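One chain, subunit A, appears in both complexes that follow, with subunit B as partner in the first and subunit C in the second.
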Partner chain A sequence: MNRMLFGALALGAALAAHPVLAQKTVLNIGMASADAGKLDPHLSATTPDKALFNFMFNGLVRFKPGSMNPETIEPDLAEKWTSSEDGKTWNFSIRRGVQCHHNYGEITSADIVYSLQRAADPKRSGFSSDFKDFDKVEAVDANTVRITLKNAVPSLLGLLTNYHGGNIVCKKAAEEMGENFVKKPIGTGPFMFGQYAPKESVTLVAHKGYFRGAPKLERIVYRYIPSDASRDLAYTSGEIDMLYGKGEQVWVERMRKLDNTIVDVFEPAEMAVLYLNTKMKPLDDIRVRQALGHALNINEVVQFKGAAVARAAKSVVPIGYLGFTDDVPLLKHDPARAKALLAEAGYPNGLTVKAIHTSLPGMLSTIQVVQQQWRRSGINLDLEIVEHATFHAEIRKDKSAIVQYQAARFPIADTYLTQFFHSSAIVGTPTAVTNFTHCNDADAEIVAARSEPDPVKQKALWKTAQQKLMTKVCALPIYENMLVWARRANFDFGIKLEGSLNLGPVVNELSHFK
Partner chain B sequence: MSRGAAIAAPRRGFVHALRELRRAFNTNITSWIGLGVFLAIVLFAVLAPVIAPFDPYEQHIIDRLKGPDATYWFGTDAFGRDILSRLLHGARYSLVIGSVATVSAMIIGSAIGIVSGYVGGRVDLAVMQVMDVLMSFPSLIMGLMIVAVLGPSMGNLIFAIALTAIAPFARIARAPTIVIKQRDFIEACRALGFSDLRIMVVHILPNVMAEILVLGTLWLATSIRVEASLSFIGLGLKPPIPSWGGMVREGFEVILDSAWLSIFPSLAILLIIFALNMLGDGLRDAVDPKLRGGE
Partner chain C sequence: MIRYVVKRLLFAIPTLLAVLTIVFVIVRIVPGDPAQTILGDQASQEALENLRRRLGVDKPIAVQYIDFMQGALLGNWGESMVTGRPVLTEVWAVLPHTVDLTVAAILLGALIGVPLGTWSALHRNAPIDYATRIVSLLGLSFPAFVSGILLLLAFAIELRWFPVISAGKLDNPVDRVRNLVLPAINLGIIMAAYVTRVTRSSMLEVLGEDYIRTARAKGVPNRAVVWRHSLRNALIPVVTVVGLYLGILIGNSVLTEIVFNRPGLGKLIVSALNQRDYTMLQGLMVVYAFLIVVVNLVTDLTYGFIDPRVKHG
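Showing the complex of A and B:
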């Protein structure tokens, strides 16, 4: 009997020690980027960075993992909360015993106050405009935070999720490290920063003291592989277990044919929009902007991407967002009209427009389709193609006449309209966010809608805002692309993945290899 | 009779050099194959607007990633553009960039080499040390550095490639110049009061021309390869211009689904480089006295 027991134990030990037979605890992810951007959740809005923050940070509240429906918002670092009747004063009870990564101590009200003030500070955050209606954030006691608003915000809880400025950073670490925080970001999430190899990877390690329980995975190796083909090869050769997919039907169909592979197509659909700089020549002439719109064939772009992953955009706010309307003057594809408008504007022989563009394959292929459509109407789009992180830096310096930006935001019209079309968000200004157009025509409606208590009137204001922006041709919405990732079938997220506002799959303490 | 004609006997002269070259060249069949293929590619490139079945920029989204068939002989790319048409038009860019860069390098490099060898002394030492530094960088790395700094454009590509090729031309022109300048007929030229410029252009250049032409042929292949390599790594011509290296790169993104996107432009690069190398090797053999058993 003893001999049998010994034998069984020896076999078990041998199996556990064997690299193949032991349960895999390292998740290798392939991301479409040449390198990390800024590894600070309050500074970076790039898809590759946001997908990584998803594993490392908590908010006061969170979307139910795998969902991005605002109705599913649930407690995260805050256990519970109350709000005043006018919606201007909110009290949050902070969960006790939550540990910051790398022994930076237990999270308290002071951390939450610091983090939200940091997120609201334009010098330390790229999302400060989201918090401009915040009057005060204060610690009532060690475990209670009070937020006082100047005006009621359409969805305060949305701002406090683990997304953009809502990600909570640990005060002691952020203060100690200052600008070096980007080299070792400290949060409270299930995985913590381990190592960064430039242009190669970021390694995250399990946060054993995570308040929801120790993660089942030991490590996540987040590898930067910008080439689609190289990423696909890395997957098929077994180097990586999960990868950022090419948002095209051809890719989805091919990956679905592979053994032991699941393709996840999930929300949010990132909306690709061409933002037109209305202050830069020749786009300062509305006839030129209208010509660009008429020369654009949205249906052809959707056909190019594939119906399984893309749908035509209908407005400057994505479909399905609270406040979205398709009752807007969308310019119809009409190359003859485009040529006539160009001639009217003084360009009978066509014109050249310069634009800075990312080398990210999915976006680059879209702009090349658009480039050819415009060429048919005599518009030469001269592209300066740069690496994705450089693209983000350059377009924020107001250097590009046209910016193709693909994004998803908290699903409410206000966030999109404020960040992309309010005058306070104009790039190159101290409060800049992502208003590349310089349009300010809908400022009044955007501001009024924020504090409008009547939902019907609020929607009407958002509708007017969209109509004004589309009439002035501040931007040309193109299409909405669902997120596409593929993974090994034996890798289980531990949740049902239907949506992820951080644009990457949810990998948390429950995720594991079967 | 001019003073120049009186001392013409020792120099080979352009016509004589070319005649000698042609005689030796005629004996080498691979050179003729190389020349034939190269001229055929040049012809296709020149006639591209006439013979290409489609506009190389026109996208046929519905026909994207189609394999070779009766309509699209070489298939279509991810945007539904005809690969054959893009290859034909791409040849024009490859040849223009390659030849302009090579000819520029040939003129500048030869001038530097002849002057350096003729003047000699410290000037020669300094110039050759600079050339050594230039030659220490592999041509692709040098091209990559320059284009990365200046930005990708046709002009910058030509400049970058030309700069990498100047040093080899300078060296190939300098060595025979040092030998020739010590010969009697050059001494005679000096005695007759010819200017240094005249001696270098009229009496030395024709005697080193054959070697420079051979190197030019071989460097044309290198220039085309460097342009293709820079385009492959994204530092070449901007999209949608159909450069061969850029086409291989675009095809690489879908190589698992549609290998022909990369195969045809790769074959085109292979073919032209083979042709130019065969041509260059033949020319080299023709001008090499050891190989032709002369002198």
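Showing the complex of A and C:
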């Protein structure tokens, strides 16, 4: 009898301890990272941190949850807005009754003004350059904010979504905590900061006073699990309910075979591009750059990566971005033409090009495929493989003839074109961002498009810019890698997940276990 | 004895200062920018420069060095450049996990390795000796991440006895032990393999000594020959190896920490290195150096307990 009682108690204890059975209102997420970064939405731009901010902060406006199409932008902390005809003056009516986390009070115009000024301040924000066209942000009254611009910007509403500098922090909390804000970030979103365990997890708790209604989940435990294998095993054992996936076909296929599992493949795709340094020998000769393009077999790379997660890139701007066009001279795979061009450029016996490259496995495997393809056309890609942080430092010193870079940006053509192809972004200069090519051929179109009020003309300018850059072979777009996550089939986001600019799935007040 | 300990600890001061200087120089020689890591690749130059200023990495190296040494000597290790939390707080938060894992692995290694090595030596060239040698060789050559995954597959996935995520609350002793078992076995296997091999060779050497032959000739019972005369003498090299290996173990535990998703010093140092978190790296290196000094001291003191002929003075 005693043995039976003990057995029943042990079984009960085991069931209570089992996360899947007991924690239906707790979502355990496994993220591919060793730890949190600076938990301030105006400072950190790393994927693991951004995915977390997504649960905690609102913007004045937001993308329709589960979408990253700029045309779906809808009200968030602002209920409505108006703009002047020249697009330089905007008035936003702030929603009443929105509460900051941890009893930091109701959001007013003062918070919005403070937050946007903070985001525009290079001393307190990493995204200040996004706000360079802002002239003034002022509180007209307690619930109206006016933004005055120096120049019209391509997508002001885009800057004000809950992404990067658009995330609204609560003034009182940020001022009170100062540098310590990273230890307890305060926003207005459906989940608020609960606890941080170094190298383990961040726990968010439901913000019961959330203005769209109390979240159905009680808690989100965001666990840092850097090992891919351990993350998969933790999911298999039931310790986590959702996990960041490897953007590989094999992983997707394996996860899809698991019971009670849904694999989500969604935007934004990170586009892998080979940026060619047009000022460095031998790539200063356009025939050599064309040869590299003809020697590249994009479809083979996509096949290698897997159709479930990758698609061929079609321009120097990713597919689906506002202003993207595929009406550009994309060089066709033609090894014979590549060899002929090399001979014409004075390299009948082929040539060697040196490049610094990261040791990150996903990027390394891509460049190794390219290396083999180029070898078939007599191009020897001599890779100096370095650790990832070193790679970032070295390529910004303009040391590599070819830079493979993978990125996703705010989905309008301007961001990609400005950061990667405008002369002000050339690496090694005081205003450098990520122009590794030294191309400046599309500067006029990029600048003109920014302030062009007519959307049709704006798109035409972006198209011309892309055509010019592709004609000059400043870069070779390769493929686009989609975001991949997996979750329990009984976990419902409450929305249809097609895209998430913050690079993580959307978990909000509607998300729940069925 | 106390004089000896104090003397050894005083000797540690120049060692620690040298470590501080070397670490300071090395972390700054390696290319990479903490500001870029924190702000990401879209940050403007202005924002990067501002952050470098705030972090103090824009100052001349000599000034940074003086600031750092002053802080270090006054016990101010600064804040992590990445998370903004005090270095000491972060180290203290993970240290118990590392200590748990290291001590458990050492104990496991000694408990398995010493008897197995002794047994193997006593049955030299017998099948059991060959088997022990092969198994210990396997233990040494098996990568920790492979054995870790195999342990997880068997005991966490199939049998469900232990969790995959071994990061648990320290205030719950049951959880603490449950989370420790698999990582400790994983690390303990390597330790046991080392100890087995060293114990075996040390025992073989001692068993061939004249005094052992004399003891046997005198008719001393075999048990006394093995336990009192052989093993005790054979243990000095074993303790040396364990002491040396303890230092390596603290660093080597990183793979085990990553696979079992356990916080610890190893994981902390790898992420600090990846993120170019200079202050965290410096603090961690000093903690490591200090631990090595302490471990060496404890090892030396242990000799005296095993062999009364060893005097400290």
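Here is the rule we use: the second predicted complex is superposed on the first by the 326 of 514 C-alpha atoms of A that agree within 3 Å, B and C clash if a C-alpha of one lies under 4 Å from a C-alpha of the other, contacts with A are read in each partner's own complex, and residues count from 1 in each chain.
Operating definition for what follows: a contact is a pair of C-beta atoms (placed from the backbone, for glycine too) under 8 Å apart; a residue touches a chain by one contact, two chains touch by 3 or more.
In this text, all values refer to a predicted model and were calculated from it rather than measured experimentally.
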item	value
First (subunit B), second (subunit C), both or neither touched by A:Ala110	neither
Which of subunit B and subunit C A:Met177 touches, first, second, both or neither	neither
Greater subunit A contact set [subunit C / subunit B]	C
Partner chain(s) touched by A:Ala34 [first = subunit B, second = subunit C, both, neither]	second
Contacts of A:Val433 with subunit B and subunit C, given as first, second, both or neither	second
Which of subunit B and subunit C A:Pro361 touches, first, second, both or neither	first
First (subunit B), second (subunit C), both or neither touched by A:Ala229	both
First (subunit B), second (subunit C), both or neither touched by A:Glu239	second
Touching partner for A:Ala343 - first (subunit B), second (subunit C), both, neither	neither
Common interface positions of subunit A, toward subunit B and toward subunit C	227, 229, 233, 236
Complex interface listing, subunit A residues touching subunit B	227-229, 232-233, 236, 250, 254, 300, 303-304, 359, 361, 364-365, 368-369, 371-372, 375, 382-385
Touching residues (chain side subunit B, partner subunit A) in the complex	57-59, 61-62, 64-65, 78-79, 151, 234, 238-240, 252-257
Contact footprint of subunit A on subunit C as seen in their complex	30-33, 36-47, 49-51, 54, 82-85, 90, 93-94, 145, 149, 152-153, 156-157, 160, 163-165, 167, 258-261, 263-264, 267-268, 270-271, 274-276
Subunit C partner contacts - residues on subunit A that touch it in the complex	34-39, 43-46, 122-123, 125-129, 164, 179-180, 182-183, 197-201, 223-227, 229-230, 233-234, 236-237, 239-240, 386-390, 392-394, 396, 407, 409, 419, 430-434
